[in-house]
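To start, the structure itself, in structure tokens.
Think of it as A, B, C and D in the order they're written, each chain with its own count starting at 1.
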Amino acid sequence: MNHILPLIVAIPLGMAVVTLLLSKAAKRIADFTAFLTTAVCLVLSFVLLGTTKTAYWMGGWYPPFGITLVFDGLTAMLLLIINSVGFLATVYSLSYMEKYTAKPKYYALFLLMVAGMNGVVLTGDLFNMFVFLEIASIASYALVGFGVEHEELEASFKYLILGTVASTMMLLGVGLTYAMTGTVNMADASRMLMSMPATRTMAFAAGAFIMGFSLKSGLVPFHAWLPDAHPSAPAPISAMLSGVLIKALGVYAMARVIFDVLGAQPIYLNIMITLGAISMVVGGFLAIGQWDFKRMLAYSSISQIGYVVIALGLGTHLGFIAGLFHMFNHSSFKSLLFLSSGSIEHSTGTKNLRRLGGLGTKLPVTSSSTAVGALSISGIPPFNGFFSKMLIILACVQAQRWVLAALAAGVSVITLVYFLKAMRYSIFGELPKAQEKIKEVPFPMAFSLITLSVICLGIGIAFLVSPTFGDAILKPAADVLMDGLKNNASSYISTVLGG
Amino acid sequence: MNFKEMTRSDTLGMTVVVKTIARLVMSFILLFGLYIVLYGHLTPGGGFAGGVIIAIGYVLLVLAFGGKVALNKLSNFWASMWDNLGALSFVCITFLGLTGGYFATNFVAHGTPGELLSAGTIPLSNIAIGIKVGASLYAILIGLSIYGRIVTEED
Amino acid sequence: MIGHSSLYIMDIALLGMGLYAIIAKRHVIKKIIGVAIVEYAINLFLILIGYRMDGIAPIQAEGMTSAEFAKMAVDPLPQALVLTSIVIGLGTLALMASQAIKLYEKYKTFDMSEINRLRG
Amino acid sequence: MLALLHVLLFFMIVGSIVAIETKNMLSAVIAVGAVGFGVSLIFMFLGAPDIAITQVIVEVLSLVILIRATVFMDNRSIEKKVDSFATITGLLFLGFLLMSAIWAFTDITPFGEPLMRVSRRYLSGAASETGAVNAVASVILDYRAYDTLGEAIVLFTSVLGAFTILRRKGKKDEYHDKAAHEEFGIIE
């Protein structure tokens, strides 16, 4: 039994409460505890990378009677993404959040959001997934509205209403699964479902699950909240939402439930591909017209999540590798771009591209990190985005989905177009008169930007030079999905239930 | 909106009849809440239901006497303090489960089923949840109903 | 027909009413009411799933053996799930109410069609 | 019993229609409260006294919150003509949901005959394994204590979030209404 598994959830949970308590005595402590907690979580997630598949029985009750935590390749990858972006966003917040009031509350909510996401990716129990999904979601609703101005409140309210619908849909799916299988343990439910004929009720449950998770990940017919919520939040929260939250609560949860519980039937995969393709195209086209930098990034998130969902829906090993790689990369460059946009806003006071320009000379760190992020996301070699997009297109070709491959290639050109527009109007061009006196961001913010830029470049080069990265992180994760597709999740079931 | 625009019942409370009855009933409500919390492992109810009942007792105070009197009995600061402490003690109970071998183990001796002092950590957790729920719901209600427009604190 | 799935379908109708309110109504309070109805429906659905015909409440009376109890009581697991779900619903409601207050303070209206600074 | 449940559910659907369509916000909130009490009545009949108690008191608290926090501020309904696109979308969605439920629930586990694969163990083992005679309490605080930890944290998060949202000003160096603040002596 590996006691790190419950600790990586419980430490941020407990520290959120402790942060609030201690900050009543001295407000400055909150900075320190939040930094420390996310650092510890990051270290723990690195420690966990080396461990094998394992299950942890909460309270000593063996499954399916108690709640089980399950650790496998997919979980390891998600934990790494969540906690590294969480750590860098915390470092960034140290200076960025100075202009907001109530910093301890911000850190407490932030830690709760991280804990909720860690709980979602670790759990092996459907209802427990719902509970932790709600922790992460509720914390994010409050964080989106953290500025308590008109736009923030409006975005936060819309997000809350649609988020609650999503959670309810998921709970409906859990209830139906319980009705048909008599258990809420994922592995046990999967084993039961494999042993009985397909029922209409489970098809209905799958529909509820897919609708709920699509709402959470902002796929296109269900995306209405995303372009409002992501730009309205403070920059580190935008980075967390776009970089991690929609992946952990949306894509990961959808993949886990479809591949490991419901069984990956072709119709579910086709639904995923359809939703993904629509999101990819619509998100890309809507992004071109935006003049608000953060709003453009939000639409770009919809488009890029479309890529991930398409690749996962292909149902081939290369597709899984490509999708997971793009998920990993997207979390690095999208959080980098959101943090950069926050830095631009911090220095210049605006995020409207029409009022920006010529930042290249004045803000060297911010503009080079913006450039790195933009080049990565548009798929320029040798940055990491190029390799994952290329793999996705190759996977589409390999699966003989020619239309998808063409769409993916076309949308990547569109991506390049709108990011060239963003760079043209922010970094290059003429510096407006009003912004002669702008200054570069303070060290903690610059640290996060530089680290993420190095990650973007480093992963691209590492992927090119040696297979270690793919073998250590991507392959175990892809194997989990492959096992769900080909062997009815037998390896997952035996990890949890034994035998 | 500001303080001056608040209605009379927000600041001064309701009539004498209501106040007298509220004073009488309040202690019974709190007692009942306490009973529900403590006997949660034996009868229907539990920490959450009991905590809400305790909160409702204070809500009655808020509605009948106005926010000022209620805040004198239990200030917002202490309400959020109890809230944090309740949550923290529940987290601690689950952490202490590690001494029983796993996270969230019921590590205290179970005793005889049906007695008040039985079921290991279940009554303890019920008490922690009761404190947490009661305090936080009281705080949120006073924040929403009376100070909805006035809660302005910087932190 | 009655008794097999009609209760479930009526419950889904209740859920649909709540979703309809969320989609179609523009008043903030109506949207909150829609969320509340959706939550009732889903809680009720879980309890309906766990009901055993003529079952007793899952509290073991004195003098009843565990084997007898297990044959008579209704399913306790959905009840535990619903308890959690009710609490989550209350928390969501508190957050929604605070957002509604602040929205009213800023926009001086509860009409969502006038609360539309974000678009595009 | 079954007929009673059908009648109750029917009245709840009617109550929810009233709550959604009425023009007066106070009556809408009262109607949704009536639906909630209907839910707790059904819980009572279905052998779930724990949930029934909780539902009733949560209902009371939600009504107080909704009325004091929102309806008190503005009881007007929206006079303008209805948004026909949204209404049609909502009705279509409702119809689609109902149709697919009628299609799907032909093979659902029948009402009144739960599978109880896992729960049988909870019922037969609760008293001896956890020491609690209330099987629901033993499930939420022992077998699934981790869920309850999550539940407590959800409530903690939402209360914290509500206080975060209720801050008067989000960013520093803006107007700060100090007078009203000091009047009530709120420190936190």
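The definition used in the following text is that a residue touches a chain if its C-beta (ideal position, glycine included) is under 8 Å from a C-beta of that chain, and two chains touch if they have at least 3 such contacts.
None of the values given here were measured: they were computed from a predicted structure.
Asks: Touching both chain B and chain D, which chains are there?
Replies: Output, common partners of chain B and chain D: A, C.
Asks: If you tally contacts for every chain pair, which pair is highest?
Replies: C-D
Asks: Taking the mean of the C-alpha atoms as each chain's centre, how many Å separate chain B from chain C?
Replies: 23
Asks: Calculate how many whole Å lie between the centre of chain A and the centre of chain D, each centre taken as the average of the chain's C-alpha atoms.
Replies: 29
Asks: Can you give the whole-Å distance between the Cα centres of chain C and chain D?
Replies: Those two chain centres are 4 Å apart.
Asks: Once you find the CA centre of chain A and the CA centre of chain B, what distance in Å lies between them?
Replies: 36
Asks: Pull out every residue in chain A that's touching 2 or more other chains.
Replies: Correct list: 6, 10, 13, 17, 20, 24, 58-59, 101-102, 105, 127, 131, 134, 138, 141-142, 145, 148-149, 153, 156, 179, 184.
Asks: Can you list the residues of chain B that touch 2 or more other chains?
Replies: Answer for chain B, listing residues that touch two or more other chains: 1, 43-44, 46, 48, 77, 80, 87, 91, 94, 97, 103-104, 106, 113-114, 133, 137, 140, 143-144, 148, 154-155.
Asks: Taking each residue of chain D in turn, which ones touch at least two of the other chains?
Replies: Those would be 49-50, 54, 58, 61, 65, 69, 73, 101, 105-106, 108-109, 114, 116, 118-119, 122, 127-128, 133-134, 136, 138, 140, 142, 144-159, 161-163, 165-169, 188.
Asks: Using the touch definition up top, name the residues of chain A that touch chain D in the complex.
Replies: 6, 10, 13, 17, 20, 24, 58-59, 61, 64-67, 98-102, 105-106, 108-109, 112, 115, 119, 127-128, 131-132, 134-135, 138-139, 141-143, 145-149, 152-153, 156, 176, 179-185, 188, 192, 199-201, 203-204, 207
Asks: Of all residues in chain A, which touch chain B in the complex?
Replies: Per the touch definition, chain A meets chain B at residues 1, 3, 6-7, 10, 13-14, 17-18, 20-21, 23-24, 27, 56-60, 101-105.
Asks: Residue numbers of chain C touching chain B in their complex, please.
Replies: It is residues 57, 59-60, 62, 83, 87, 90, 94, 97-98, 101, 105 of chain C that touch chain B.
Asks: With touch defined as at the start, can you tell me which chain B residues reach chain D in the complex?
Replies: 1-3, 7, 36, 40-46, 48-49, 52-53, 55-56, 59, 63, 67-68, 71, 75-77, 80, 83, 87, 90-91, 94, 97, 103-104, 106, 110-114, 118-122, 125-126, 129, 132-133, 136-137, 139-141, 143-148, 150-155
Asks: Under the definition above, what is the set of chain C residues touching chain D in their complex?
Replies: 2-30, 32-34, 36-37, 40, 43-44, 47-53, 55-60, 66-67, 69-70, 73-77, 79-84, 86-95, 97-102, 104, 109-111, 113
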